[in-house]
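Letters A, B and C name the chains as they come in the text, with residue numbers starting at 1 for each one.
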Amino acid sequence: MSQPVAPATGSGRIRTPLPFPTAAKPAVADTQLRANLHRATRTIRAKRARVVDEVPDWEALRDAGSAIKADVQRRLPELLEQFEASATAAGATVHWARDAAEACRIVVALTRAAGADEVVKVKSMATQEIELNEALEAAGIAAYETDLAELIVQLGEDTPSHILVPAIHYNRAQIREIFQRRMADAPADLSDEPAALAEAARAHLRRRFLSARVAVSGANFAVADTGTLVVVESEGNGRMCLTLPETLISVVGVEKLLPTFTDLEVFLQLLPRSSTGERMNPYTSMWTGVTPGDGPQDVHVVLVDNGRSAVLADPVGRPALSCIRCSACLNVCPVYERAGGHAYGSVYPGPIGAILSPQLTGVADNASLPYASTLCGACYDVCPVKINIPEILVHLRQQAPHPPAERAAMRVLSWVMRSPRRWAVALRLARAGAGPLGAYRERRTGARTLRRLPWPASAWTRSRDLPLPAPQTFREWWGKQ
Amino acid sequence: MRIALFITCVNDLAFPATGIAVTRILRRLGHTVDFPADQTCCGQMHANTGYRAEALPMVRNYVDVFDSYDAIVAPSGSCTAMIRDQYPHLHPPATSVAARTYELSELLVDVLGVTDVGAEFPETVTYHPTCHGLRMLRLGDRPLTLLRQVRGIKLVELGDAEECCGFGGTFALKNPDVSTAMLTDKCARVRDTGARVLAAADNSCLAHIGGGLDRHRSGVRAVHYAEILAETGATS
Amino acid sequence: MVGKAVSARDEILARLRTALADSPPPVEVPRRYRRADDRPDLIETLVDRLEDYRAVVHHGIDALPRLLSEVDRLAVPTDVPAHWLAGYGGQLHRDAPPLSPAALDDLDAVLTGCAVAVADTGTIILDAGPAQGRRALTLVPDRHICVVRTDQVVGLLPEALSRLDPRAPQTWISGPSATSDIELNRVEGVHGPRRLEIVLVSPDDEVVPDGPAGGSGA
């Protein structure tokens, strides 16, 4: 090829159908949802803090993780070729998918070739991103989610609202209600104790695991030098899917690579403590192609671009590809805690979603997301791979289409503030102009503040008083000395 | 040492008392403070809202105005963070002056080596560490170290202190529902303390929280901590 | 792949190369994290971490017969050391020919060894090596009894990785199966074995009956 091929944006469940502030409005007003998220995020925050604090070399691990991922991004084409060669040599078949639709077509074709009309699924962000379940259903193939939270979401005909715990927006009583309504074999006297709900899920899925012929998974890591895939989980549904069926299809974003098997020593320390707040998750499975007599004998890997090349093309935004989907940034984010995951309109919610989704689709298609943050920086502090999310948010805001009125106001303000003389005049005018009003308000209410203003200032005064300019500016005070 | 005060645009217009307080503290400690009149705004609102090109002239003006000083003090964690963190990337010639720009508590504790500024303030006070001071400048407990030395003060701990108040510059206008929800929680934590005064290092965050506290007629006064450090008990 | 105008593979690789047109500089990975643990009390730490995640720990090979006496139907890998089963009176199901998932589901427990155990995280790692069997064996039965030799215990994860065969299928186990999916509270017992029992034995226990020439261990 002589022509350079341009990086391409992706498709699938990564676009906000509504602007974030609009989508957040009903969520903020939903007191039950707010309470559920408040309780859950605070529980996990405390757990994470406890197990991170006990690791004396946590910062060194973060530095290593961040650097390994930067190295992966720099060498992504060669590492993908190395992974393909290693996995193929070990008996896997490697497929490549430019976008969501192509990835879905590959999985459908492989499932049909295996003669199956149903698949069991391990929780995977990549398959949610490409809307695989919908594609399988359209092809007459039933997809059964086996992770407890994914099962809850699937039974509730809902969409995930969190990367790690897709059903975080439900409390135990709501989950019991979904099980009783939608799970045919749920016990009649099912209680809302988490242990009882987990037991119901175990019974519900047991037969399906033992008879499944095709499983679909994602992967947390893909190791280039060995061709190994890694899935990190808790319940054992992953092990069931990765071990018992004859055919295993893993859908893997191209950014999931690690150069060497040894690099896992960093990420398998960072990930569990950052995500579930455990020293180690209950189960981690690794497989390298086909092992005769042990596990699936028909092993496929689908490497997916779907916008990742576009993310890679931006040197400032590129570190978003370092994300290991731990969710620590969601769990500490005050905006996520109030708005919930659905407001982000993408499978990737929270701070990481606010930088990843707009880069996957192009900023114009997710223009409200880079603004869905106060830039408080809590996400950056907990990120195990040190993605500077606030910096990337600010960077993406430069590319976002700006409302014409806002742009005009910003330009006028900049014209005034770039000139010391104009700024001094503007200050004097603002102080003088507000003077009588301020004095009036002070007489009436005892404070130089306004309570109610017309749009757009109403966005401020609906919940807070607005201070008026002081009777004399600082520079006027200084000048009088 | 030649110290210049960068008052910040919001303080100049709406919160001159904070600048007056900084001037008094430094003079009381025997330092001379300059106020270069050509200063305007750090450009943070423009840069963080997506208008870096429009912020750049302000960055250049800052360099012109302040480059000759040994230390520049700003009574704002957020503006100081803008200058220190973003200026070197936006405009490399600003790197040196950016490194000499300090938030008030940094200047007092790190540069001047002072923790007791001779203040007296017999009130119950709670302190909210604003995000950019906390997580970008890493102010740590410098402001609290200064406040603890104030005679007569009773400091009470704020619950969920390190959680953002929901201001976020233009965030408060672009995402009013989420911002209000965060503000409501922050105001509740402030009221839980029973403090009569809420102190912080940023008047913009304080205008937001204070505006919410006033709306609920909580009787809690929001003040920049410099104004507490400036109080000596003597009537001025 | 040959004959197509541009394969997905070639197009994706070309896109990625274009995306890296800025030629990012080489990255030096700082590996200042701990690669070895100097804690003197590794075994104590391992036991503490195992119990923290609700695994049950037994000490000494002598604990095994008592444990197995509770098991009616036991699955074992084909190469299980004979002395682990000394005196076992229940139904023994060796995994040869391979037991079907349904057959495994009917058994009460599985007995295996492991490749390495990590004290810091309370993790038992199986890599299909000696006395470990294939993955399904330790997955389907509801109770997993795992013999861990104290010389298989390392402090930190980096020490464990160097002992593993990367190309062998691996199962890392930290406590019984669990979920945090309901209100982010951890609940033990979902699809994997709901009971995990560790029998910690000293290497000497193992050498005498199993060693090729008897050995000299006391």
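Some observations on this one:
As a convention for this text, a contact is a pair of C-beta atoms (placed from the backbone, for glycine too) under 8 Å apart; a residue touches a chain by one contact, two chains touch by 3 or more.
Only a predicted model underlies this, so the values are computations on that prediction, with no experimental measurement involved.
Common neighbours of chain A and chain C: there are none. Among the chain pairings, A-C comes first (most C-beta pairs in contact). Relative to chain B, the chain whose mean Cα position lies farthest away is C.
Work out the mean CA point of chain A and of chain B, and you get 32 Å between them. Once the centre of each chain is set as its mean CA position, chain B and chain C turn out to be 54 Å apart. On chain A, the positions that touch chain C within their shared complex are 1, 4-8, 36, 39-41, 43-44, 47, 56-57, 60-61, 63-64, 67-68, 70-71, 73-74, 76-77, 80-81, 84, 90, 95-98, 102, 146-149, 152, 165, 167-168, 171-172, 175, 194-195, 197-199, 201-202, 205-206, 209-211, 223, 226, 228, 234-237, 239-240, 242-244, 254, 261-262, 264-266, 268-269, 272, 276, 278-288, 291, 293-295, 303, 305, 309-310, 312-313, 315, 318. On the side of chain B, the complex with chain A involves touching residues 7, 9, 11-17, 19-20, 23, 35, 37-41, 43, 45-52, 54-55, 57-58, 60-61, 65, 86, 131-132, 134-136, 162-164, 166-184, 207-208, 210-212, 214-215.
Per the touch definition, chain A reaches chain B in the complex via residues 20-21, 24-25, 28-29, 34, 334-335, 338-339, 370-378, 380-381, 394, 397-400, 402, 406-407, 410-411, 413-414, 417-420, 423-424, 427, 430-431, 447, 449, 451, 456, 459-460, 462-470, 472-479. On chain C, the positions that touch chain A within their shared complex are 6-22, 24-34, 49, 53, 98, 101-102, 105, 118, 120-123, 128, 134-136, 139-140, 157-158, 161-162, 166-193.
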